[in-house]
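Below you'll find the structure, written out as structure tokens, and then a few comments.
Chain naming follows the written order as A, B, C and D, and within any one chain the residues start at number 1.
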Amino acid sequence: MKYGIIGRNGRMGNEIYNLFSEKGHELVFSYDNTGEKFLEKPQVLIDFSLPEAFEKTIEYVDKFHCSLIIGTTGLSEIQLKKLHEIAQNVPVIQSYNFSLGIQVLLKLVKVANELLDDVDIEISETHHRFKKDKPSGTAKMIKKVIGKDVNISSLRLGNIPGDHTIYFGNLGEVISISHRALSRRTFAEGVLKSAEFALKTVAGFYTFQDVFEITMKR
Amino acid sequence: MKYGIIGRNGRMGNEIYNLFSEKGHELVFSYDNTGEKFLEKPQVLIDFSLPEAFEKTIEYVDKFHCSLIIGTTGLSEIQLKKLHEIAQNVPVIQSYNFSLGIQVLLKLVKVANELLDDVDIEISETHHRFKKDKPSGTAKMIKKVIGKDVNISSLRLGNIPGDHTIYFGNLGEVISISHRALSRRTFAEGVLKSAEFALKTVAGFYTFQDVFEITMKR
Amino acid sequence: MKYGIIGRNGRMGNEIYNLFSEKGHELVFSYDNTGEKFLEKPQVLIDFSLPEAFEKTIEYVDKFHCSLIIGTTGLSEIQLKKLHEIAQNVPVIQSYNFSLGIQVLLKLVKVANELLDDVDIEISETHHRFKKDKPSGTAKMIKKVIGKDVNISSLRLGNIPGDHTIYFGNLGEVISISHRALSRRTFAEGVLKSAEFALKTVAGFYTFQDVFEITMKR
Amino acid sequence: MKYGIIGRNGRMGNEIYNLFSEKGHELVFSYDNTGEKFLEKPQVLIDFSLPEAFEKTIEYVDKFHCSLIIGTTGLSEIQLKKLHEIAQNVPVIQSYNFSLGIQVLLKLVKVANELLDDVDIEISETHHRFKKDKPSGTAKMIKKVIGKDVNISSLRLGNIPGDHTIYFGNLGEVISISHRALSRRTFAEGVLKSAEFALKTVAGFYTFQDVFEITMKR
């Protein structure tokens, strides 16, 4: 596919560029703090930048009439509303976590939680020392899926990209489900899956969970 | 409920007696190498003994016209056929593994295996030093559910009752699902679940997986 | 050896009896709430009972002039002082944790803590749902060995006898050291080691750490 | 310090450059397949390249009369002999694994192995799917430290940089020691430690284990 990146020289922009290149996709447009590079009109625009660039992003989507994949965090209510508006014309996929594995984890936790009763449940998450929030957003998502008041243990350790484990234990046995991120590449893979999905679908607003569920049914 | 045990003074017989007593059930009949103890006709007969006692078990089921839960290993083809015969008159539940958690594990592995593609899969199992077979029967069951030629690592270590972990890994992340048995109590709980199921169902031959699946749907 | 138990019918008393019997040692004296059983004068007296029985214990040690291994918790200052007094006449070994593995764990943590600098350290402990104190006493011992203000995560889960893990992580790697108790048998083994030590040593007051360190040097 | 790199644009060359820059060290010389860049005479020369570049490396060490840190794998007997020769004039530090954590792991395994007897020991190692050798060289080093015929389980999974766990288990408990590499950065840190060591020491041939042990004693 022919694609563009807003935030090309950021850490995620770089990761996306590497994966997409490896898979034979062509970067035909980019925009970041070093300026704009236009080769051709992209089919999909990917934005992993900052809320400050949001106006530019909308402008480009309008101009190119292309799909949008957006993982920028910290968008305002007004900006999210704007996303829903342009989703009437083009496919828009928005999420704060593009990891396929986390979607699978959430699904497994849901299944285990339904099958097991009279168990104690514990969530443990470990992240790098630079992470300021405790517990992680993902741990909160897991807790929400369980639907009970579950204790979350948060460990902060070196440079761990992100580990999450959910334990279900009764008097005779313990079942645990774990996810370990190895690198940001996993998020780039979710973006690629989203871009492939966007090319095949109609205008509308989608989350990454939608992409995951619709893709998995095929 | 009123129940009986064949193999009352064995390790599993004892475990079953302890759990059932705790839950308020009444042992009204037992048979083991110390002889027969009859107080009353049982509703359910539980057999965790040896193939040698099988004739006696069938005799008692006929006499009491009660349900049978049987976890005795090493039954012959003829004995298994006999079980199917008496299952025309009473509910018979037969299995080599009465752990609910292992059933949940198998279900989770099935779900993960369907959702994830392009992953490497590894199975690791750890058991006590006395276990002679490698890999464990449960590991083989897991492999069968995955339906691919998966490597199984077998560790033999001290007195570990039984750990099983299945790993799914790609270039960005690893998902793992683990089961850890804490004691034989977990098997006794599966027996109790089976006994409760037997009281509510009609004559027929059931495995523990049937009990698990039918029970879970309720 | 010929030994006696105060608290013979308690959970630890039973565990000790089973292990000592297996190893060919002879129970020649016992005392618990069912009364006193005297066959012969013991070489070692083992007390895993309650502070209420302490007077009796001291009486018996005096009478038999034998070694004492005591794991009773909740002893008063006065009772501890009394132990030091009788230690002038016989070997007395006192501890709240007779696990050899925990002693090894503490040693490994000490070594790792000295070798690694600029690391984040986290302690995680998991125990059964019935354990009321958080964090565990053992986790506090580990923290003391590290000598820094380390975060302790406490998970309460089903029937887990006791897991402890210490993580050391920097930007490039993570080292972890774990201990997992499988049963109370491990504590009985520490008691046996202490009893064997007592038979070979002179009068004096010892902790289990002393036994561990002196034994290991041999 | 002022340093040079042979193999500047390789994966390890890049990792070393990033870490050294972060710590304020100055790259004053480099050589790789894009040619030579000379700004100033380096105090230390670091070679993470290929055996083919070895002659060039020796030439530069002679010319600059500087220390050499060399992690190039696949050196011939003759090349290793040559390293010992130039070590008569300058400090030379050679190793196939510059991870500090692995050195700590080996030390911990040694301590545990001495303290524990009558235990079963198991080694488990997990690496990315691209790793062709089984078991890993590090697992073999661990086995050598243990000095017994220990079973090694090798798992190949996605993109895992390298996990190693050693288990010691008896009938009552299990102790395990684990190392998890998070990235190549950990090897760059070992190179930095070696470079700092080289600046302070006299001419001679050293392994990374020497650096580790001498450094730790200070």
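We adopt the following convention: contacts are C-beta pairs under 8 Å (C-beta built on N, C-alpha and C of every residue); 3 or more make two chains touch, one makes a residue touch a chain.
Every value quoted in this text rests on a predicted model; they were computed, and no experiment measured them.
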Contact-richer chain pair [A-C vs B-C]: A-C
Classification of the subunit C:subunit D interface as same or different, half of numbers criterion: same
Subunit C and subunit D, separation of their C-alpha mean positions in angstrom: 41
Approximate Å spacing (C-alpha centroids) for the pair subunit A, subunit C: 50
Separation of mean Cα positions, subunit C and subunit B [Å, integer]: 36
Per-residue multi-chain contacts in subunit C, two or more chains: 158-160, 170-174, 182-183, 185
Sites on subunit A touched by subunit C in the complex: 119-120, 122, 124, 126, 129, 151, 153-160, 167, 169-174
Touching residues (chain side subunit B, partner subunit C) in the complex: 158-161, 182-183, 185
Contacting residues of subunit D [partner subunit C, same complex]: 99-101, 104-105, 107-108, 111-112, 114-116, 170-189, 216
